[in-house]
Amino acid sequence: MSKIRRITIKPKKYRQVAGNSPGVIELDADALEPLITVFSYSESELISQEIKNSGELDAHLAKHQGLTHWVDIRGLGSMELFEYIGKRFNIHKLVLEDIAGTLQRPKLDEYDGYLFATSRMLYLNDNLEIENEQMSFILMPDILISFQENYQDCLHPVVTRLEGGKGNIRFAGSSYLMYTLMDVIIDNYFGLIYRLGDELDMIEELLYRKPDKSIMYKIQEIKRAMILIRRAAWPERDKINDMIRSDSPLITQDTKTFLKDIYDHCMQVVDLVESYKDVTTTLIDMNLSIISNRMNEIMKVLTIISSIFIPLTFIAGVYGMNFSYTDPETGKVLHHNMPELYAENGYLYTLLAMGLLAAIQVFYFYRKGWFK
Amino acid sequence: MSKIRRITIKPKKYRQVAGNSPGVIELDADALEPLITVFSYSESELISQEIKNSGELDAHLAKHQGLTHWVDIRGLGSMELFEYIGKRFNIHKLVLEDIAGTLQRPKLDEYDGYLFATSRMLYLNDNLEIENEQMSFILMPDILISFQENYQDCLHPVVTRLEGGKGNIRFAGSSYLMYTLMDVIIDNYFGLIYRLGDELDMIEELLYRKPDKSIMYKIQEIKRAMILIRRAAWPERDKINDMIRSDSPLITQDTKTFLKDIYDHCMQVVDLVESYKDVTTTLIDMNLSIISNRMNEIMKVLTIISSIFIPLTFIAGVYGMNFSYTDPETGKVLHHNMPELYAENGYLYTLLAMGLLAAIQVFYFYRKGWFK
Amino acid sequence: MSKIRRITIKPKKYRQVAGNSPGVIELDADALEPLITVFSYSESELISQEIKNSGELDAHLAKHQGLTHWVDIRGLGSMELFEYIGKRFNIHKLVLEDIAGTLQRPKLDEYDGYLFATSRMLYLNDNLEIENEQMSFILMPDILISFQENYQDCLHPVVTRLEGGKGNIRFAGSSYLMYTLMDVIIDNYFGLIYRLGDELDMIEELLYRKPDKSIMYKIQEIKRAMILIRRAAWPERDKINDMIRSDSPLITQDTKTFLKDIYDHCMQVVDLVESYKDVTTTLIDMNLSIISNRMNEIMKVLTIISSIFIPLTFIAGVYGMNFSYTDPETGKVLHHNMPELYAENGYLYTLLAMGLLAAIQVFYFYRKGWFK
Amino acid sequence: MSKIRRITIKPKKYRQVAGNSPGVIELDADALEPLITVFSYSESELISQEIKNSGELDAHLAKHQGLTHWVDIRGLGSMELFEYIGKRFNIHKLVLEDIAGTLQRPKLDEYDGYLFATSRMLYLNDNLEIENEQMSFILMPDILISFQENYQDCLHPVVTRLEGGKGNIRFAGSSYLMYTLMDVIIDNYFGLIYRLGDELDMIEELLYRKPDKSIMYKIQEIKRAMILIRRAAWPERDKINDMIRSDSPLITQDTKTFLKDIYDHCMQVVDLVESYKDVTTTLIDMNLSIISNRMNEIMKVLTIISSIFIPLTFIAGVYGMNFSYTDPETGKVLHHNMPELYAENGYLYTLLAMGLLAAIQVFYFYRKGWFK
Amino acid sequence: MSKIRRITIKPKKYRQVAGNSPGVIELDADALEPLITVFSYSESELISQEIKNSGELDAHLAKHQGLTHWVDIRGLGSMELFEYIGKRFNIHKLVLEDIAGTLQRPKLDEYDGYLFATSRMLYLNDNLEIENEQMSFILMPDILISFQENYQDCLHPVVTRLEGGKGNIRFAGSSYLMYTLMDVIIDNYFGLIYRLGDELDMIEELLYRKPDKSIMYKIQEIKRAMILIRRAAWPERDKINDMIRSDSPLITQDTKTFLKDIYDHCMQVVDLVESYKDVTTTLIDMNLSIISNRMNEIMKVLTIISSIFIPLTFIAGVYGMNFSYTDPETGKVLHHNMPELYAENGYLYTLLAMGLLAAIQVFYFYRKGWFK
């Protein structure tokens, strides 16, 4: 009856992790064909270009040397691309396996000449399902390669900022670019939490007005979503901390100042998630209490009605008994056999007695506060 | 029916955080026009002045060099002011963004030449709503700038102390002034906790006397408020610790002694909040137990009444049956067809039997302790 | 009905903390006039003397130089005394404020020339209320000043030991004296816990025999008391640890050996409190389960009685119907209109059928185990 | 009725641990006769051979010096084998005792010349029981000995990889081989968790559609399995960390890179287990709420039916009373004795009144929302 | 009815701890007269001798110099013995007080020339009560003194091992002997946990088959026992760790290898206890769910019977009403007054209508799944 449009968690395929040979790239069965866009920029210029294959990418990077490059790869379905990247940039095969695996916890691994990081991008798709996508980054001196599973346009705010050229983004190097991408990811966590928080408020509202059976399912779905966000945000926080403490020259001191800022944001995400988890717990308790209260209401109605009318019915039953006033054979009056029935006004007095009994009970229940 | 005036949490607008470009100041849509007051003081004098715009502020600071200045800004709705402060005091744009953002966790950031700190000011407004306001501080050698979101006069105790000139406040420098402001903030936490604690006591009282359906909502609101305070106090504690451990020359050794004191207070806030959270949990359990007990009461009434009268009604029903004593056609006595009805005193004996049955049941229920 | 004499927590006035100016002593409105006793002792002698005012104290200390002094102050209601102590022993005003404040967490502060420590003294007063009193210590080379809020004689065991002169107490200096006072405080925690543990055992006993509505309140009061003890014991433990690790010459190496011993005791207090908290949780669960079980009992009685007699009453009702055997106008026999009523032994067979039906139901309920 | 094929935990025999003399090997009563397979390999060749006894093993190792050996022992029922290994490789008797004990937590012990590690292998056997088997490793420069309790072929993926010769496995030494075995173990945890996660989804589905009594047992079994996995994975994680931090030359730098990878996997296992434990808690709450809701449903039916018909039955009872209209002896009309019975249309009006009463109650219950 | 032989916790007398003067030995009121056995051994010989008093002990130790001695004291009721030990071996009085106190947490204290350690020995006595006894050790170069409260023969396995002379025990010195005693203590924890685990399994079995009211008490007793074991095992673990890290020459390097082994065992005890505590929580939830389910069952029976027969009884009641067909005075037919009663087959049709109504309801309840 109640129509909250319900946020659900998109089920994740997970089976392919188990049994892999380490260091061997295995593509997901449903991985998408990669869409590659390269943004090459300096303070003064910004070239954004769609790339078709690794050869074209190679050519583009060679041609625009001296610029900073962001290679944005959406879709992980090309083994050839992985092999090209592995060879061209000398990337460890464990890194490539992790990118293709898509079920990594957020982490930072430092390798010789580059850094590898993963994050979980959480966002609502058009069916109000929470997508849990892996985003991977390879950070090199002038190049940042980012990998997404879907074609979804989550990183659009960064593109806008690049195009606008406001702030540091155009001259602060590849580590700053990576920071802005991570910033967008964490902002997405906030958006999701606020969205879920609104749902919790609606549910609380509903509990007040009109609790129904489906509420537990809604609360539980939100709790699961909170658990999901926490599972992404906790290790993300550790990852950012690792980046701040890292002494790799790839992360500039200036970027670290900004990283401290999103570290605080990430802490806030975790704080909020914990608070909302506490809230869901209380909502579950409230729901139980409301159900029990309704039971009490129901029982009160039953008890009041039954307690009043059952004794009255008994009295009526008594005077409905057929004890004979006279012996059917002799016609003799059988003394004490229900003389009330033959008394003048017996009926009236009986009705009055019944009314009195009912009134006493009503008063008793009123005193117990059962009519409130 | 029961009229506890209920403390609620004022809903926070939160949406504007997500999607910001880092280091770009974005004013809240409903930010207030700033009210600026400057208190310039030394041991011997105190000048307090309302300031209209940044130019006047500039002039005032220039004129009263040598004094310690507290620039108290209430309302964050002027981009021009942020820009002036950024330029005049050489403040990092991330700092200005955080001041305008109003959703920061309490934290301390050390910058070259100044310290930046935020706190959460929690207080009850006139509608008994808990306001959750951000208070930001920029601490410079002789200047402390404080930023509040609203015009609310929370910091009045500090003004009074400045005017009174008692204690260290007039000669202990800007870091001591900042400490007194933080002290007021933490004192506010205490006030709020005690207020909520009183409500909890009232609720417990109510649970004893007259539990009703709304109690769960009240408990839950208090639990949420406790969660809110904890979310403010935990990072506040860390912030104070950071200040104590800081080797910045901006925080004098003397101030640190006092900071240790509010560190202890902050720990106490956290302790109290945890204790009260435990208490709310128990109250929820008590409420559930009370509801169940009331159900038992109701069921007992129903069961006693039903169990006594239903069998009696059955007996009355039996003697209300119309089995014929004589065959209607032949007039022959049909043996065994309800001779009781025609026995002398049959009615009396039946009533006595009914009374006995009822007495046995009453005794049985009494023995089971159902009348207590 | 059930008469457990109930331990309650004496409500603490708390309001005065908020809004104080730091470093300004504010006496509690209901603070008592100080009772001062000085115990001056060496290995060979013990002088104990009641002191009336600060002047007398001054004289006494001057006269008995060379001895170790324990200045035992009970009652904090004299501003003049605080000022004297502050000036005479050069005590920081934050310390004096903390002593007067009476709501400190246990802590140790090291100052130049003296140590300041607070503890929470918990004890049962004559109304079986748990008093939560602050005890403060100023430890100087040959003088220990202790402050209590009430005149209560909690520290009597130490006086007895001083008088007896057994053990180290008379020659081990002021830090050892302070240790013995702390030892008494922690022993008091134990006493209180064991007392509460006994109540828990009684409550469990009661749950077995005769659960009633008030049990939840009793359990909750004990849980609150446990929370109170834990809130005192956790920081006490930290305080003792700080004393052990302190490199202040005021705490002798020998005393530290003994402090390790009460550190272990304090850990044990915390362990016991946590265990008992677990036990209260289980008791709450048991109580809920017992209430539900009783509900089941009640429902069984209702269901058995109703299920047996309602169908029988129906049968009686059927044969109480007035369907006419003959047409009132024509006198014609209306076939099928209740010939049972005119059958010979119809009544008897009906009673037998009713008995059979009841027997079947009783058997059914017996098989379901409802009579156990 | 509902047929989820249920995963259970195979009960572990545990009694033999207690009372052992330390360092004395005691075989399990039901330990299997060892099956020994040796895989000796270098980059260019792979010899795999079934071994019958320790003499044959000795000969094999002597013959194939220069190769890397994996001695895979399945079944721990031969004291002679333990003694041979102890003597031949100079293994500490505590290590041999731990291998035979089969109830160790995962751990790493470094000894002179070799490393000893244990893991818990969890897998589903053919009866859908979770087997909890101990796997032990002795790592020496060119030899890895692995011990399993059962003949189960869990390590088959490693054998396949060895035979395929892909990746590092054939030339990266014994520590890399040990890593691949641990990788298989952790992959098994994932498989098990996903399997249990699927069951949880099915149970949730069932809760929606058709909750029944057995659900609690199913939830509890899954919770127990989660606890089991966590108990294996937490110390496994510590073990891997010990290996990464170890400075033993037995673990190559290259292997450590890979160990970091399974460290992350192990963290993920722990994360997932915690999340699923949270989910089971919610499912238990949901189940309770559903049961209560059903109770409400049942009570509503009872209350509606009873509340409507009991008052009506009372009215019928009233007009079934036998108050006499005339005195049986004098024939005089007894005024007020039930004149309604002799009024024209009295019956009709009574039925209408009954219908009206029923309609009012139906309306009342409808308004309370009891028909939804 | 159900006969699980129930394990209970033997209540501990605890009052005597509070109020002791530190360093003053106070014997328990019910302390037993000491039984002293000395085992003096070297690799080649083992002399075991009952000792009557401290003089005899002195003589024995003097006579058998060069051997390693284990002085096994059971019963702590002799002040003279404590004084002898204190003087003979130069033991600190705090140590002696702790030995006599019998309520210590497990701990290790290092003193000059000896180590002092306590453990909690938990075992089942013949009444299936869990005894919680203190075991204390004083470890000196060639002497180990162990103290037990009771005469119980818990340490018998060590005596057997000494007599057998297998393993290291006869030549590895006093620290190894102490290790073997601690090993026996921890093995006892395991035995107890497994015993309690078996009870939990029985309880779960019982919950399936035949839940009754006493189950909550049984679960709670086991939970309490688990809490007790945890309270012993956690500090025991810390103690073992302290011993491993200790640089005292009293603990040989070889013994430390073995201590690492029981450290792992102790961790396992803690793991198991936590797991079983989780299990008890689930059992409590299951029990609540089962009680609620039974309530549902009971309510269903009541509702089905009542809902079917109450309306039928009403119908019977209607046709039992005495509305008159003719005016008693005029004999005129009162139209509409219950003509059904005089219709041919009116009775039959009424019965059929009743049957139909009942069938509809049965069908309705069947559809709702209430008959399963």
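To keep things simple, chains are lettered A, B, C, D and E as they appear, and every chain counts its residues starting from 1.
Simple rule for what comes next: contacts are C-beta pairs under 8 Å (C-beta built on N, C-alpha and C of every residue); 3 or more make two chains touch, one makes a residue touch a chain.
All figures in this text were calculated on a predicted structure; none of them were measured in a lab.
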Fraction-based call for subunit D against subunit A, same above half, different below: different
Intercentroid distance (Cα basis), subunit B paired with subunit A, Å: 25
Centroid distance [mean C-alpha coordinates] between subunit D and subunit B, Å: 40
Shared-contact residues (touching 2 or more other chains) in subunit D: 288, 292, 295, 299, 302, 306, 310, 313, 317, 320-322, 338
Chain contact topology (line, ring, star, complete or other): ring
Sequence of touching chains round the ring, subunit B onward through subunit C: B, C, E, D, A
Interfacial residue positions of subunit D with respect to subunit E in the complex: 1, 14-15, 17-24, 92, 94, 98, 103-105, 107, 109, 210, 212-213, 216-217, 220, 223-224, 227-228, 231, 235, 284, 287-288, 291-292, 294-295, 298-299, 301-302, 305-306, 309-310, 312-313, 316-317, 319-322, 325-326, 333, 338, 341-348, 350-351
Residues of subunit D that touch subunit A when the two form their complex: 157, 161, 166-168, 179-180, 183, 187-188, 190-191, 194, 208, 257-258, 260-261, 264, 267-268, 271, 275, 278-279, 282-283, 285-286, 288-290, 292-293, 295-296, 299-300, 302-303, 306-307, 310-311, 313-314, 317-318, 320-324, 327-329, 334-338, 368-370, 372
